[in-house]
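Shared between the two complexes below is subunit A, which pairs with subunit B and subunit C, respectively.
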Partner chain A sequence: MSAESPTLSPPETPRRRAGVTDRILSVVGSYHIAVVVFLFMILLTLLGTFSQKTLGLYESLNIYFTSWVVPAEHWIFGFIPLPGMALLLAIMFVNLLAGGVLRIKKNWRTIGNVIAHLSMLGLIAAGAVSLWYKQEGHMRIFEGETRDKVQAFQDWVLEVQEAGGSDPNVYIIHEKDFRTGSPAETTTFHRTGWPFELKVSGYQKNATLSTTGHPAVLAGARHVDGYTLLPLPVNPQNEANLAGMFLDVVDLSGQTVGQTVMAQIVRDGEVVDLARRPFSFTAGGRQFTVNLTRETWEVPFSLRLDDFIATYYPGTRKAKEYESHVTMINAAGQESKFRIWMNNPLRDSGYVAYQTSFDSDSPPGQERYSVLTVVKNPSDQWPLYSTIAATIGLLITFLTKLTRFIRRNAVPAVPATPPAA
Partner chain B sequence: MKKSPVIPGILLALVVAITVVYLSSKTRQSDAVRIFTPAQLAPEWKQEVIDTMERVPKTDDGRTKSLHTFAYYELLRNRAIPSVRIKIDDGTAGGSYRSIPAVAWFLDAILYPDIANRYPIFNVEDSGALLQVGLNPHDKRRDKYAYDELAPAREQFFAVRTRLANVPAEKQGRLDVQINNLATNLIRYEDLINFLNFARKGIEIPADFADEPLKSKAGQTVPLSEALTGLKESNTFRNFLVAARSGDRSPMPELLQRIDLFLRDTSTINWYAPPTAATPDAWVPAGGLIRDYLTDGPHSAMAISHLRTLENLAALAGDPAKNAELQAAVLSMGQGLISAAQASGSYKKVPMDHGYLKAGLFSWAKWMFLLLFLLLAVSWIAPGSKMGSVLTKIGLWGGWIGMLLILAGITWRVLITGWGPVTTIYETIPFITVMAVVFALVMEKIFKNRISLIVAISCGAAGMFLAGRYEAGDASDTMPSLVAVLRSNYWLWTHVTTINIGYATVLLAAVFSMVYIFCRLFDITRQNKALFRMLTQSAYGILCFGLVFSLIGTILGGIWGNDSWGRFWGWDPKENGALVIVLWCLAVLHMRLAGWIKEIGLHLCTAFGANFCLFSWWHVNLLNVGLHSYGFTQGLDQKLYISYGIVTLVVLLGVVVKFLEGLALKQSSSSGAPQDEASGKAVPAA
Partner chain C sequence: MPASLSSCCNLLTLGTTVMLLAGCSRVDRVEVTASRAPFKNELPPELGLSGIQRYHNQAQSLLRWTVPDGWNFLPATEFRQLNFDFGPNRDGEFYLTMLPIASGGGVLENLNRWRQQMGQPPMAEADLAKLPVKTIFNRPVPSIDISGTFTGGSGPMMAPAPPKPGYRMIGAIFEAPGYLFTLKMTGPEALVAAHAPKFDAFCQTLGVNALSPEEK
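Right, the complex of A and B next:
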């Protein structure tokens, strides 16, 4: 006899079917896999949350939440491997599909469960689409200014462009391609048609420029044009890091035609000089420019900031509300006016523009610019639809159970404690 | 033989009583032994004056509140209780005591700073902090000090404060943090006592001031109001103003520099003149009156009149014989400020704000739940008796009334702020408490077995104690103005309430499971399978509700994030905390479906879920990382780890119980003895 009292209704027993498919579904969609995945997700979420204190959100995302497998240096005790959240969500998707949708016994009692499981599938799918296809950046617009470009928060790129030549394209080299394990490594880039190779070395995630009088230069560190690259501590807030690198341009004969060091001059945490960018050089008789910048892209419309209004709580500089009055100009030149404020973004043309920040250094009433976050996310509203479905599904399930439970327990009062012996 | 619940009941009642006494002693310390003679005391304020001044409006952190609320939190910040009690040596045996309400203390501080400086209002947690700044502490490690005891080390306090400015919070030493807090409190207190410096001291007209109409007063000290009117009419000021408006950056005339010093003193507490109907948001401190007068600002017309009122108060306070006049003048000033605020339309919520703190509904609820708990504990002594039945009924009705008290407090706050019931960490406590109480009382309605009732009463008492402790520890207005992103009633009423109901239900399920574990530990319900059944059904059912609310709340939060920050999910600590609760609920329910856990396993897991709830509710706010910065808090690490430890200990107890029962089962199986169905224990053969 079991020591447990059988007080709970037994779980819904899946209909047994013969055949390989059913057996596969039975294994793939088992509760055991679901439980293991849930427990690993909890562990990973906790690790990823605490790591944000030291590593910052961006690094934690890369290590725990968008990875398939957690990098070895972050394994538990250094030797117990961990799956990444992407892998766990993929397993959960398959498990849910097999166990919670395909294999589950379908009748009026389980309809709520099926709906809830389907909504979770929608949610995971929304996450995957967002992870792979979402574009996000910000647009800083001064009053009266019109902009159609969005700059990324995180990713640095090298933009290579021919100046005044026949090729108007801007070629992008992404940070992941020039971010090397060691500053001593050199990465070479070449494209058909380019009369040169770009050699990136000394890449630093966060750095500043320093003059050659710096002790590092005196100690033999590389310097170009009187400047050297001085590494700075990596900020956990990745947006605050300013990348730096040495750049050598070599023509096809192997001769160096240009070299520079690219970074910002940072003093007391403030960027004080951007004069080192972009870098111009001539190769093969053609002139080119290279720029180290946050990734920038164009959107198929322009936004003009007509007015920006910030209101503050009386006697404070604490913003109560702030809003941007903008005119959206589409590709056909048609103008539409919108108001964007906190919790009320502008949704149009597949893009969403959010009120993020503003020029809070200027006196009240004299704010000069507004900062909008612009996002393109094909799965923007999927979570909303999933939530509605999940709510309906869970309510059906638990209200049905509650009704049964109350009916079953509609019995006279039961004393909790027996009379004293 | 059946086990009686008497001993555990009495033990529990004792534990609660000791806890109450301990927590009360932590909240309300004994007052300092400093004794005043009647001559050393400020005249006592008439009740009429206090009542009026309590209702005077003040804007603080962007919110218009009553002066009582402001003074209440200023005192709470300094001394952990919102009033001052001093001992008077009046010649009688043992002396007498005087309680000084918050507003009376405020009036004493601005009008009688020399006397107020002797009030023991600064709470020093560890006298070691005073040793570090070179002061001789009292004998008691934790005691209250007067300003004039701390002021000699003023420079040392501020030196530590400056040093700590660049040290991350987690690397600051315990005593350093205390010194820093004391320095902050000293600054805020000095803002009060310096407020009327201009009125007490007057201003000396520079000896070389040669303009009319102040020329004849050169080298003399005159009231500020007179200096201002004279200055404004002088050519010196007119010429300076013209030059300044044309971009000239020449230094201010010396008289203006002297006035500017007062302007700062009188601006820091940000109190005095209410807005006018024409400028509804322009609350102006006394210093602002000076500025408005000189620059023809919104309060220019009434500035001199206001300043003269304050000068008159200071003059009357300086003459003990004119106390009756002073009381009348303060009363008149208070009534005038209230009338002005009413006329400008900015007074509407001040009476509600004042009434809320005075009513102290949460405090009433706390004591009510505690009393009910003790009554119910007594009822266990004779559960079947008439007395037991009466006490149970009282407990049941009292539970609903306690719940209504909390609900009324929450509603009152909603009416004051105009926002949903939960906008701050503090507000999560009464809300989660009332939800837990409601759910538990509903369970009691279903099962009628008194266990849910005692759970409801315990949750109510614990929750309201936590609210009181948090308020005293944080010691700042619990209704601050909201950051822009939170100003959405739609999301505050949907996401925030839902997620907090999720916390409440998951915690309540954990409490039911802990009761189950203790029941098995004490074996008090060996013959009562219905109780086991009820506890399991309750924990399971509430956990299911917890999952529904946590999941929907979490996803709603994602949708809000998608509308305000541009992403549905950002792995922000606050989001992760909510996710962990959802995942844990799912894991527990699926573990049961998979057959990994049965009855006690379910309870162990549900009880352990309290840790995840604590993590999400409190711990993520201590990390100070992420976009939910409005919820950040600090200084609770130790308490939180103790809470984790207690929860884990209870779960481990359950594991031990299960293990021991397993052993007993094996032994009884091998001996062939019959077993009890519920606990699995061997029972004597009939």
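Right, the complex of A and C next:
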């Protein structure tokens, strides 16, 4: 928290530079800012919590808790702007740094206070690193199968790749960039060296394909190549939403050289992987492909599911415990065996693999696959270290206060001399 | 008002202005910068696929229908999105195809191909209007009903099947925007006669729809 007045630095010497610095620190590290930030945090927590009922957890997190500014459509009464939690935490970081670390008088009495403030800075920094650098996805492994790729739970991406070109890289367009508030809006994507631009329109957060026999098409809805895009109700559980959009490819002369509808197909309750059957087009004499998929990345090891064991509560299909016995194969081909079960993840190479789900549709004893959540987070352990530091800092502070209190209130020693006769 | 409080108010005003600008802005032109290297053993994607080729195995998911009693539901093939057989010897066939018009030809071309399979001469475009109609997707659709020797194979790119005398073919064909639907039943005459009403019943239940994950 901001500096306590008794521990502030003594009045500055009349040096102009020091005075300006102190004034700046005084403003940015003031209690007033801290109070305003806290009030906004309480407000955002309330709004974000209530909104989960309609928007779902993921959307609420995006709108209120990981944004710099709350999107305009979620402002209070539609016109009162709201800062996002990321912005508030950034302000709080500066406020704490200025008021709780830089301005505070540093001596043995305030050391606990400084440690506690530093630990809070560490917590905020952990959140920021996690927000920007954390990768989280899942790995679904059938028994006997080996996997080395992780697929995101939430984020759809468009993958653009040149076929047979000099650049083998796959270019990624994230959903946050093509997500629009209205299907009528178009977002154009370009890149130096590409002989075309991609125009994404008709974005639907949850949609599916249909053929042109659908009444919507007969009523005039857009269709391409025999298919149209039908919006579905947005599911509050974001991972259940299947993004869809129309894609138009325009070459540098402005001529449309390709168009398609991009969406997913669901069969037997599972999204069919169309990754190997992308939309392709030719522009500037070069062939390119575009594919809509969940963001996928490789991990520097492979996991083989040797065995999956689930136990159920008697007479129910409710899982009591479930665990995966896996073999990890590293880049050098060395194998190590691990058991992954609830709250006991596998930690290796900067990755953490948690047991999160399994094939619960199959009969007990015949589960086909296990689902592991795989996370790479550079700040994975920072909250733990920060919390330990905060505990130490607060203990020092409280013990210091307690010692001072005891000393101040100590009963003076009774003189040994006998009372006068 | 204390100086720091005044400064806070100024900061709040500035922050509100920035938020108003940031919250209302939308970027509609984006440079693509993120990329990944190809995965190990990542196969090159197929090129030049049409919509039907990209989605053909999944087309069943886009349709609704009720399987008539006595029909066996078979796996889809590249050109038969719905595929059934029927009869004690399972020699009666019924299937539905959906093909992009560019690759599937037109209504007249397909009708004449079917007529040819039954040993009938081609018909003129003017005769289309004289054909009986069936109702599919709540719209009138031209249909044929021909008896004769069936010489059709089991699909494009397949070797011709041996002639089958005493066969009957019932078919219906229509275009939706950009798309050609065909429904065709073939089999021994007596068998097709027994199942002909089920053709119409099937058409009544057929719908083109979107399926949500929940519906599956």
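One rule holds in what follows: the second predicted complex is superposed on the first by the 301 of 421 C-alpha atoms of A that agree within 3 Å, B and C clash if a C-alpha of one lies under 4 Å from a C-alpha of the other, contacts with A are read in each partner's own complex, and residues count from 1 in each chain.
Please note the rule applied: a contact is a pair of C-beta atoms (placed from the backbone, for glycine too) under 8 Å apart; a residue touches a chain by one contact, two chains touch by 3 or more.
Predicted model only: the values in this text are computed from it and were never measured.
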Figure out whether A:T186 sits in contact with subunit B (first) or subunit C (second), or with both, or with neither. second
Which partner does A:A331 reach: the first (subunit B), the second (subunit C), both, or neither? neither
When the two structures are overlaid on chain A, which partner does A:L232 contact: first (subunit B), second (subunit C), both, or neither? second
Once the structures are superposed on A, label A:S30 by its partner contacts, choosing first (subunit B), second (subunit C), both or neither. both
On the A-aligned overlay, A:T208 touches which partner chain: subunit B = first, subunit C = second, or both, or neither? second
Which of subunit B and subunit C A:L252 touches, first, second, both or neither: neither
Answer with first, second, both or neither: which of subunit B and subunit C does A:P81 touch in the superposed model? second
Scan A:I172 for contacts with subunit B and subunit C and give back first, second, both or neither. second
Dual-contact residues of subunit A (subunit B, subunit C) 30, 32
Residue ranges of subunit B touching subunit A (in the complex, touch as defined): 1-6, 59-64, 270, 275, 281-283, 285, 380, 382-384, 446-451, 481, 483-485, 487-488, 491, 524-525, 527-534, 536-537, 540-541, 544-545, 547-548, 551-552, 555-556, 558-560, 562-573, 576-577, 579-580, 583-584, 586-587, 590-596, 598-600, 602, 612, 615, 620, 623-626, 661-662, 665, 675, 677-680
Which part of subunit C faces subunit A closely enough to touch in the complex? 3-5, 7-8, 11-12, 15-16, 18-20, 22-24, 26-40, 43-55, 57-63, 98-101, 137, 176-179, 181, 208-213, 216
Spell out the part of subunit A that touches subunit C in their complex, as residue ranges. 26-27, 30, 32-33, 36, 68-72, 75, 81-83, 148-149, 160-161, 163-164, 168-174, 177, 180-181, 185-192, 194, 206-214, 217-218, 223-227, 230, 232-233, 240, 242, 260-261, 265-269, 272, 274-280, 287, 289, 291, 296-298
Using the touch rule from the top, collect the residues of subunit A that touch subunit B in their complex. 1-5, 7-8, 11, 30-32, 34-35, 38-39, 41-42, 45-46, 48-50, 52-53, 56-57, 60-61, 64-65, 123, 126-127, 130, 134, 136, 236, 312-316, 318-322, 342-345, 352, 354, 356, 373-375, 377, 380, 383-384, 386-387, 390-391, 394-395, 398, 401-402, 405-406, 409, 413-421
